[in-house]
Amino acid sequence: MRVLAVAAHPDDLELLCGGTLARLAAEGHAVTMCNVCAGDRGSFVHSSEEIRAIRLQEARRAAEIGGAAHVSLGIPDGEADGSDPEQRWLVIDLIRRTRPQLVLTHAEGDYMRDHNEVSRLVVDASFTATLPLLETDAPHHDEVAAVYHFDTVAGVGFSPTEYVDVSDHIETKLAMLGAHDSQLSWLREHDGVDIVEQARIASAYRGFQSGVAYAEGFAPCRTWLRNRTVRLLP
Amino acid sequence: MRVLAVAAHPDDLELLCGGTLARLAAEGHAVTMCNVCAGDRGSFVHSSEEIRAIRLQEARRAAEIGGAAHVSLGIPDGEADGSDPEQRWLVIDLIRRTRPQLVLTHAEGDYMRDHNEVSRLVVDASFTATLPLLETDAPHHDEVAAVYHFDTVAGVGFSPTEYVDVSDHIETKLAMLGAHDSQLSWLREHDGVDIVEQARIASAYRGFQSGVAYAEGFAPCRTWLRNRTVRLLP
Amino acid sequence: MRVLAVAAHPDDLELLCGGTLARLAAEGHAVTMCNVCAGDRGSFVHSSEEIRAIRLQEARRAAEIGGAAHVSLGIPDGEADGSDPEQRWLVIDLIRRTRPQLVLTHAEGDYMRDHNEVSRLVVDASFTATLPLLETDAPHHDEVAAVYHFDTVAGVGFSPTEYVDVSDHIETKLAMLGAHDSQLSWLREHDGVDIVEQARIASAYRGFQSGVAYAEGFAPCRTWLRNRTVRLLP
Amino acid sequence: MRVLAVAAHPDDLELLCGGTLARLAAEGHAVTMCNVCAGDRGSFVHSSEEIRAIRLQEARRAAEIGGAAHVSLGIPDGEADGSDPEQRWLVIDLIRRTRPQLVLTHAEGDYMRDHNEVSRLVVDASFTATLPLLETDAPHHDEVAAVYHFDTVAGVGFSPTEYVDVSDHIETKLAMLGAHDSQLSWLREHDGVDIVEQARIASAYRGFQSGVAYAEGFAPCRTWLRNRTVRLLP
Amino acid sequence: MRVLAVAAHPDDLELLCGGTLARLAAEGHAVTMCNVCAGDRGSFVHSSEEIRAIRLQEARRAAEIGGAAHVSLGIPDGEADGSDPEQRWLVIDLIRRTRPQLVLTHAEGDYMRDHNEVSRLVVDASFTATLPLLETDAPHHDEVAAVYHFDTVAGVGFSPTEYVDVSDHIETKLAMLGAHDSQLSWLREHDGVDIVEQARIASAYRGFQSGVAYAEGFAPCRTWLRNRTVRLLP
Amino acid sequence: MRVLAVAAHPDDLELLCGGTLARLAAEGHAVTMCNVCAGDRGSFVHSSEEIRAIRLQEARRAAEIGGAAHVSLGIPDGEADGSDPEQRWLVIDLIRRTRPQLVLTHAEGDYMRDHNEVSRLVVDASFTATLPLLETDAPHHDEVAAVYHFDTVAGVGFSPTEYVDVSDHIETKLAMLGAHDSQLSWLREHDGVDIVEQARIASAYRGFQSGVAYAEGFAPCRTWLRNRTVRLLP
C-alpha cells in the first residue's frame, strides 16, 4: 500500500502519528512524509533561512529513522492556506505523484491555523487530484484516497474512532521526534514543554484508552467516495 | 471468533445486521442470534400466545438460514428494561454462556423503548459478566467483549463509523428477513411498510455511502475496556 | 387535530409551551393538558395534601384560560419514572383515550428528573399505545403520533429546530401561568425567580431568535414512525 | 414564492433536491436553479470547452423538465471559493436579481470542496445582498432570505430536520437527472455509480425515514434573521 | 466551602479527581468522599464479605490521606440504580446531611453502569434534596448545589470544560490511590493495568492540555439552578 | 490584566459582551475594544464615507462610557477575511501592541460572515503573534493569550460554558449600546428590532440561566496553549 502523510510542520507527523508511520513502513508499505510548511518562523536564535535549512535536515533524518520518504512543500510558517490556488495545486500534484491509497493528515480544530489549513488542502486534493481536466505536472490519480485524520496536539477536542497499536514502535517514534533537535529547544522555550516526554505520555494515554501499551488515535474523514468497508490502518 | 448479536425482537437482527451475521457465519465464526423479547404483542389476528409461538419458529428458521444459533429470552414485548435485575442477570448469563469476543446490539436513540433498553442491558452485561463475585448459573466471562451498535431502523439519527460489505450476502439477508412471514404482514398493516423491500433499499444506501453494492453500518461502543486496536468486523 | 401536551408538574406546560397551546385551541384544535405529577412537594407553608388540592385547582383554571381540557395523573412529585410499569401503562392509556395526532412533551436534559422521566414515558407510550396485544382500559391508538419536545426551563442546552409565533397569545400564556398562585410564591422563595416575568423574557428571547415579538421553541423527536413531511405545529 | 436553488455543478440540484424543486414549480412557485461551476473538469473524453458546453445544455434541459429557470455562473470546476470577492459579488448579484424568499443550497461537510464553498457563498450572500451601500449591478434585496441546506451526496453526515414528500414528483426528478447524459457516463466511469438508480434509492430511503414513498431531506440554516416561524418548504 | 464527592466504587474518586479533592482539603474546605457501592464483587481471591471489609478500610485510609471525611452507602457492586427509590432517598439524605455547595460526581457515558447510575442519582438528588415536603431523616437542603462531572476512566468520550491544576498534589493523589492495595491487584489481573501509573499518565495528559504539570478535567452539569457565575473549583 | 475584545462592527461588542467589558474596566483591568470593520455599509440615509465617520465617533463614545480604549481596523463591512494576509497581519499587530492575557471575540456560526471571519482572524493571531520570525511593526507577544468566544446575536446555536454576572453593569452596557444612535436606526429599519431592548432581554435571559439578574455567556476556545486552569473572566 502507498501511504501519504501530510502535516503542517516538521515534527507534527512524528508527534501525532509517528508510531503508525513507523509500523506501516516496517510492515512493508511505501510511506511518504510531507511537511507543507518550512518550519522557518519558530526560533529565538536563528534567522528564517537558517532554521529552514536546519529543520529540513532534521525532518529528513526523522523520516529516514521511520523508514519513510520525505517531501517538503516549503510554504512559510503561518501561511498554509486551503483557499490558495498555488498551494492547492501543489498538494494535488503531491497526491498525483505519490498515488496513495491511504492519506493521513491533521484534523480540523487544532490549535494553530496551519494545521487546519493543511487538513483542508489535503481533503480537498484527495478528490480534486482525480479530475482529468484539471491539469498539473502529473497525471490524475485513479482513486479518491481514503483520508484519516490524526490526533490534535494534546488531544484537545479529538475523539479517536480508530486506534493503532504502536507498542512495538514507540522507541522509533521517539527517536524520530528526537531528530528534531532545534524544535525541541524551541518548544521548551516557547511553550514550556518537553515534546518527547509528552509524546510518550500521549501515546501511553491513547494506549490506556484502547487496551495496549502505546497507541495512536485516528478518525476517518467520512464522506462519499472516502468511506471504505475495510480497515486500512495497520 | 464467537459472535453474539442481541436485539429486541425477532426480525430486528435480520433487518439491521443480517448480512453481517450471514457473512460472519459463512467465514467460519460461531454466531449466536438472541431476541430479548418474544414478539408477542404485534398482531392484529393472533393472540399473544399464538404469535409468540409463531415468531419463535420464524426466528429459528431465519437464524438457520443465516448459519447462526438462536436464543430467545422471552421477555414480553414492550417490557425490556435495562434496570430490571432479572433481565440484567439473564443477559449476563447469556454472555457467560456464549463467551463472545464480539457483541452486536442496538444503538440507543432508536424508535422504540425495547431497542434502547436492550442496548443498555447488553452494554452493561458485557462488563458485569466478567465479575467473579457476581454469581449466575455460568462462570464469569474472561474478557470485556467489544460491543458494536448496529443501525437504527431507517437509519434515523445514526452515523456509521464502520461499514461491512454485505454484497455477497444480501440475498441471504433478505431470505432471513423473509422467514418472518407473520411480521411482514404486521408491519405492512401497522406501519405501512414492506420491510424486505426496505431492507434492500437501506443496504443499498449504506453501500452507496461506502462504495460497495450493499453494506451495513455500525458504530463501536467507545469506552474503556471495550475499545480495540484491531477491526473485529469482517 | 387532537393535541396532547404532557408535562411533569402543574405550570410546566404554561411556562414552556402555553402560548402554542392557547394558539392551537384558538385555531380550533382539541387540546388536552396533562400533568403527570401532583405538585405535592413544593411548598414551605402547606402540607402535601393541601398543596396537591390547591395546585389541581390552579392547573384546571389555567387550562380553562387556555381553552384546553385538563388531566392529572397524580404521581407524587419526584417520583415520575420512565421504567415504572404502572406509570407507563397510565401514559399509554392517556394516549389511547385522547388519540392525539400531535404530542408535546419535555426534552431530556432538563434540570429535574421528573421532566426527563416524563419525556421518556411519553415518547415510549406514543409507540406502545399502538400495540393491540398490550391491553389497557382503552383500545390501541391507530397511529404513532408525532412527538415534539418543548423548551427546557431557561432554555439551557436546548436548540429549537422549529418556532411558533405566539405574539397574539402572550397575554393568554401569562394569564395561564398567573393562575398558579401557589407556585408563583414557591418559586419566588425556593428559586428566587418571578416566573411570569421570566416567561415573558423567554418568549421575547425566542421571538428575537425567530423574527417575531414572542415565540416558543420546539424540537421534534426524530425517529422512524414519528417523522412527518408536514408541519403539525401552528 | 420566489425560490432560488444554488448548487456547485450541473446535476447536483437534480440529485439532491430535484423532487422538491419540481414540486415547488408544479405548485406555482417561481423556481430558479443556479450552478456556480461550469462542470468543465469531469470528463475522460471531452475537452474542457466541449464538456462545458454540453453540460450547460443538459442543465438547461433538466431545469426545463423541472419547470424552473436556469442560471450558470461559469466558475471552473474545483475553483468555487467562499472568500473570493468576485464570486461573492456574483452570488450577491444573483440573489438581488432573483429576490428569493427561500434559498436552497449545499450543506457544509459534503465530499468535495466546491459544494462546501458554494454553501458558504450562498449563506453569506443571503445577508450581504441586503446591504444598500454594498453596490453591485442590482439594487439590494429587501429581506434576508431563509436558507435551507439540502442533503449531502449519499447522505453521509447529514441529519435532515425537515422532509419534503416528493412521491408525486419522483419521475420528474429522475427525468431531470436523466437529462445529464454526459455526467451519467462520467460518474459511471469515475465513481462506479449509476446516479439515477442512486437517486431513486436515496429518495426511497429518506421516504422510509419520514413515512412516505419518496422524500428529500433538508436542514435550515439556523441563525438570527434566517429563522422563520412558518414552514417555507412544500 | 462544603464539598461532596460521590463515586461508584472505592478508588474511583482517587483516580478521577483525587488531586482536586486533596487540593480542596489543603485549602481548608470540608471535603466528604462517598462511595455508593461497596466494592464487593471485584476479587479473584476473597469472598464478597471479605473484600467489602477490606475495601472499606482502604477507602477510609485513602480519604484520610486526602484530608477528607469518608462515607459508604454500601450498595452491592453492579446494583447502583438511578431509578431505585431506596437509593435515591439514600443519596438525597447524604446531600442533606453534608449540605454541600459543590458536588462532584461521575459523567454519564463511562464504561460501567454503576458510574452512570451514580451520576444520575447525584444530579437528581442535588435538586430533590431541596424539596421540603419530601421527607427523609434530615431536613431539606437550602440550595441546589452546583454539580461538576469528573473525567471518565481513561478519558474516553470526555471533553473537560474546566481544568484544575493538581501539580502540588499529585503525590497525595497517588498515595490516596495507592491505599487501595486490594484493588490494585484486582485491576492488574482483571484489566491488565497498573492504575497508579495510569493515574500519573492521565494527570500529566490533562496537564499537557491545560499548560501545567498535572491537572484533572471537569465539566459542569449545565442546567437551570445548577449554573453559576463564579468558579467553584480551585 | 490586559484584555482585548475584538468584534466585527461597532456595536457588536456592546451588544454581546458590553457588561463584561464594563465590569472588567471597573475592576481595574485595561480593556481595549477593537472593531475590525468600519460599519460603512449599513445605512439607508448616509453615504459610506459619512456613516463610517459617524460610527467611528459613536464607537469611541461607547468605549469611553465603558472605560475602555478603542481601536478600529477600518476594513469595509462585508470584507473581513480570515485568509487575507493583510488583515491577518493587522490583527497580529493589534495583539502585539495590546499584549493581552485575555482575548474576547465572536464565536463561529454567527449570522453574518464578518463575525465568523473575525473569529478566525483573532484565534489565528493569538498564536501567530508569538512567532518571533514573523515580523510586523511590533515585537512578538510572549504568550498565547486565552481566547473566549462571546455569544452569537440572539444566542442562536450558542451554549455558554461560562457566565459573567453583569447585574451591576447592565445600565452601563445599555448606555454603551445607546451611544450607537445611527446603528439603532439602521437595525430598526433593516431588521425590525430595537437592539437596546433586545440587549436587556438577552442579558436577563442569560441571567435567568445562571441565577443572577443579568449575565453574559461565553465559551473558551479550547485548544492546546489556550486552555487555562484558572478563570480569567470576572
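By written order: A, B, C, D, E and F. Residues from 1 in each chain.
One rule holds for everything that comes next: a residue touches a chain if its C-beta (ideal position, glycine included) is under 8 Å from a C-beta of that chain, and two chains touch if they have at least 3 such contacts.
Which protein is which chain? UniProt says A, B, C, D, E, F = LmbE family N-acetylglucosaminyl deacetylase.
This is a predicted model, so every value here is computed, not measured.
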Chain pair equivalent in interface to C-F, over half of contacts matched, among E-F, C-E or B-D: B-D
Pair sharing more residue contacts (C-beta pairs) when A-E is set against A-D: A-D
Averaged-CA centre spacing for the pair chain C and chain B, given as whole angstrom: 35
Geometric centre distance via CA averages, chain B-chain A, whole Å: 39
Contacts with two or more other chains, residues of chain D listed in rising order: 83, 154, 156-157, 159, 208-209, 211, 222, 224-225, 227
Arrangement of touching chains [line / ring / star / complete / other]: other
Residue ranges of chain E in contact with chain A within the complex: 154-157, 159, 192-193, 198, 201-202, 204-205, 208-209, 211
In the complex with chain C, residue positions of chain E that touch it: 83, 85, 120, 123-124, 127-128, 130-134, 222-227
Chain F residues touching chain E - in the complex, by the definition given at the top: 159, 161, 163-165, 208-212, 215, 220, 222, 224-225, 227-231
List of chain A residues in touch with chain F within their complex: 40-44, 47-48, 51, 77-79, 81-84, 109-113, 152-154, 156-157, 190-191
